[in-house]
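Note that the chains take the letters A, B, C and D in the order they are written out, and that residue 1 is the start of every chain.
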Amino acid sequence: MSTLTDQEYQQVVQALGRKPNEVELGIFSVMWSEHCCYKSSKIYLKQFPTKSSRVLQGPGENAGIIDIGDGYAIAFKMESHNHPSFIEPYQGAATGVGGILRDIFTMGARPIASLNSLRFGAMNHPRTPYLLRGVVAGIGGYGNCMGIPTVGGETTFDECYNGNILVNAFTLGVLKKDKIFRGIAKGVGNPVILVGSKTGRDGIHGATMASDVFDKESESKRPTVQVGDPFTEKKLMEACLEAFELEGAIVGIQDMGAAGFTCSSFEMSAKGGVGMELMLDKIPLRETGMTPYEIMLSESQERMLLIAQKGREEDLRKIFEKWELEFAIVGEVIAEKRVKGYFHGELAFDLPVEPVTDAAPVYERPVEVPGTRFQVPSTSNLESRTSDNYNDILLKLLSSPNLCSKEWVWRQYDKTVGTNTLLASGADAAVVRIKENGKAIAMSVDGKAKDCYLNPYLGAVETVAEAARNLVCVGAKPVGVSDCLNFGNPENPEIMWEFKEVCRGLTDACKKFETPIVGGNVSFYNETEGKNIYPTPIVAMVGLLEKGVTPMTPWWKQNGDIIYLIGENNDQPFDFEQELAVQGLCLEAFQKGLLQSAHDVSEGGLAVTLAECCFGKNSLGATVDVNDGLAPEAILFGEAPSRIVVSLKPENEKEFVALVKNGVTSPTLIGKVGGNKLKINDWVDESIDKLWKGWVTALG
Amino acid sequence: MKFGIIQFLGSNCEADTFHVVHNVLKQEAVYLWHEETDLKKVDCVILPGGFSHGDYLRAGAMAARSPIMQSVAAFADRGGLVLGICNGFQILCEAKFLPGVLVRNKNLQFISEDVELVLERTDTLFTSLYNVGQKIRLPIANMEGHYYIDDAGLTSLKKNNQIVLRYTNNPNGSIGDIAGIINEKGNVFGLMPHPERASEKILGNNEGRLIFESIIKLCRR
Amino acid sequence: MKAKIYITLKNGVHDPQGEAVLGTLKHLGFEGVQGVRVGKYIELNLNGVSKEQTQTQVRSMCEKLLANTVIESYSFEIVEQ
Amino acid sequence: MKAKIYITLKNGVHDPQGEAVLGTLKHLGFEGVQGVRVGKYIELNLNGVSKEQTQTQVRSMCEKLLANTVIESYSFEIVEQ
């Protein structure tokens, strides 16, 4: 099976000076697939800001790495596992988590926290409950077993995902900054070693499937579903981390994900400017009768390829065998820049490295600006008022699938294993402490697909802004980003335009927020039977809290505290300067110890935000008065960007107000904490208990 | 006082437990590898939480057959202190150190949340620093936390006063709201909640710490 | 009537449980074991009218719920009681 | 040789999985189902010498590991291949 176009095939023939054999064609097909070589996205990803004084490793490795001081660093990355999760939600999501965890620990980092971003079809679509249950159980099933806490994420529903759900998984790990491992092959004569699980027929063609649209025929093209084995991965993680401690034993290491052995052997060779000679008979197989083609393309999970320093094999073997894992020397590094595979004494394939990796095609696909999509109602001329019973509307919003509590989801995720979790799901961002240096890391994943559909550039900018705002609300300073770009079919010029615009937005915004993009993933072909998903870039942003700082939470703390709105209720378009001023003020007030709580205003608007602030353990209410001349709907439910609701002790008010500089933003006093009701002007007046019940029981 | 923390294949709370007894409570601690039989002269053996052998087949089943468990059995026979947390509790039941068994939660889902517990006994070696009837909150995180025992077994647990911790709001279907039990001799204690995750103020909860401190106090005497 | 349903992973689908059990059996000294596959065994009590009708019903239950036909196969027997 | 092992919950032992399946089956319109018990079906490949010897071995595996006899019963067949 080849997915190369005729033209790509000709390119292969030209590069080789002959026709490829079947195995070689298989290798080209996966390595030149969208999933592996980013042929449609490369030219746009190049613009991303990827450097800062903290960046130790940008894109191009298994994960990005950022310096957090005191000799320590964090490695993090987000990956999609959309197509497999649609076919088999439990295993698809589980193996997605398995893959991202491997990406982190191959770098030498111990994973300490995971997050996930999920998009399902409409709640009333017949497959949605099944997919939701399976995906959530799969994420939990893998992460819980590994003992890596899942501390945050997002879960939303929209009919554009009916035939194509999104499962994006993020993991962050900690490592010593001078002990980074990379996917590189070096040192002629060094042994090439495969560790972890046996190789089976699972997942052959997974990478090409991820680069294809779904249609009625996909059924028959299905690769054997990969089943996750978190137990083996846990052993593999411990064994690798132990092996990294053997000074000088490991030269390079790369996990085997999409395109399995093919991808790891060619990429590692390319990075080191060397080649490899592989003995395919030495690979421990799970099934009998496997062919070189199947061995090279298998996507069996829980495997790693490592290059050892010659002479250290037995030291390494001891560790992997102690953890009851396969350990097989399957070849060696050669000077010639070719990867050769021998099977039963015969040469099964023999390819130059460079054409397979660096010479992969790069396309500037046609783009086309689409016609008008749907019109967003302007808040200043709202006409279709259906009810002015704002209590009911608020309750309805709070219990709607996209705004309700996602506790049903995160109750199934171990959030506390590791004893580092300072703040888990339920807050604006998750926070874990770093035992090694006493600092803490905040993480948030955000996507705003509808906004991106309406205006891909601005939507992307606002996505980054919201991620940063979430971090600022817990008191962290944003330092870096990983992203997952989920799009439809890139061969469709309108989709390609969306992609181009989103990349431009991410680039501008990440520059402004000084959050370099240090890694990420592109998932195209999220199209089923001609229907494309909304452009859905997911931004995972990471921030830093200094030593000994306790993170801020969104909930009211005490009767009598006063409530301020930083930012404005308006219908002005997004403005960078305003956003930076709002975030800057919030962070400064937090650092000065002036705040009792902070919560950003996002989907659902101010009323939903205020209600969420009331849903702390002590369920404190609030009385709020907002008079800025807008219609009630606009004030209550408008989704203007750049707003944060904070509460503070009255005695800190003076100092807080004095923080305001240059008038870009002035916070407004809007109310007071207290009672057991939420009152907003004379529009909303409802008991916290009732609002909370609607919100917390809607899902599950 | 010297703690020995067993590492089964798939344990994942051994480092958390080590951190609490060693870094927070300043006690000596060593890891014990599942294939070894030497308990390194420890005063208390802890079977930590996790998913030993993936919890495949049944939670704790395969770990219960590890070589080290024979040494732990001999140690317990001599009166040595054994504490099983979460997966450790499941292993203790599978190895028949404690009666009954932990099965799938009633809702068939993994449950991770803080639960309220009531201390039924504070005259044990593991809970002496709490007060009888005291209510504490501890995190649980498990798929098989549903304690099961037949009627005769339950009667005998009650008669022998072996129930140490109960849920005030049973999250998983456990018979008799049981969250933790002790053996008849009083030196082997298993519980589903995770006291090691609630032993430091910075984590928002240190109500589990007294379990470790009760053990330490005992050894000081 | 009673249905006995056997659900197994399809050939070629990786069975981590089976592998782990195999490992432990070997550790316990059962050297002769070469492969383990772990599946499900479900017993249903039904008040079906005829065996044929019950058969159709049980097949439909397997397809719709009991087996995950993406990775599992099933077989069953109907026993009249 | 092949061993087919059936592991079921003992009578009287609560089976939450079985209950959940029963509930869902009813929900799907399978009215005739009255009771569901979910157990395990394990297949072993063995290079045993004789059927008798294998039988003894498999029984011992069940007792030592495969079943928890506090709540489960087991039965098995040995098939020569």
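Heads up, the rule we're going with is that contacts are C-beta pairs under 8 Å (C-beta built on N, C-alpha and C of every residue); 3 or more make two chains touch, one makes a residue touch a chain.
Everything numeric in this text was worked out from a predicted model, so none of it was measured.
For chain pairs B-C and A-B, the one joined by more C-beta pairs in contact is A-B. Measuring from the averaged C-alpha position of chain C to that of chain D gives a distance of 9 Å. Distance from the chain A centre to the chain B centre is 35 Å, each centre being the mean of its Cα atoms.
Chain A and chain D have centres, each the mean of its CA atoms, that are 41 Å apart.
Of all residues in chain D, those that touch two or more other chains are 64-66. Contacts with at least two other chains are made by residues 229, 231-232, 324 of chain A.
Residue positions 53-54, 56-57, 62, 65 of chain B are each in touch with at least two other chains. Across the assembly, chains come into contact as A-B, A-C, B-C, B-D, C-D. On the chain C side of its complex with chain B, the touching residues are 16-17, 20-21, 24, 27-28, 38. Of all the residues in chain A, the ones that touch chain B in their complex are 137, 140-141, 144-147, 229-232, 234-235, 323-324, 410-419, 421-422, 433, 435, 550.
Those residues of chain D that touch chain B in the complex are listed here as 12-14, 16-17, 20, 64-66, 68, 70-71. Against chain C, the residues of chain A that register as touching in their complex are 87-88, 91, 200-202, 222, 224-229, 231-232, 286-287, 300-301, 324.
Contact residues on chain B toward chain D in their complex (touch as defined above): 57-58, 61-62, 65, 94, 100-101, 103-108, 146, 148, 150, 173.
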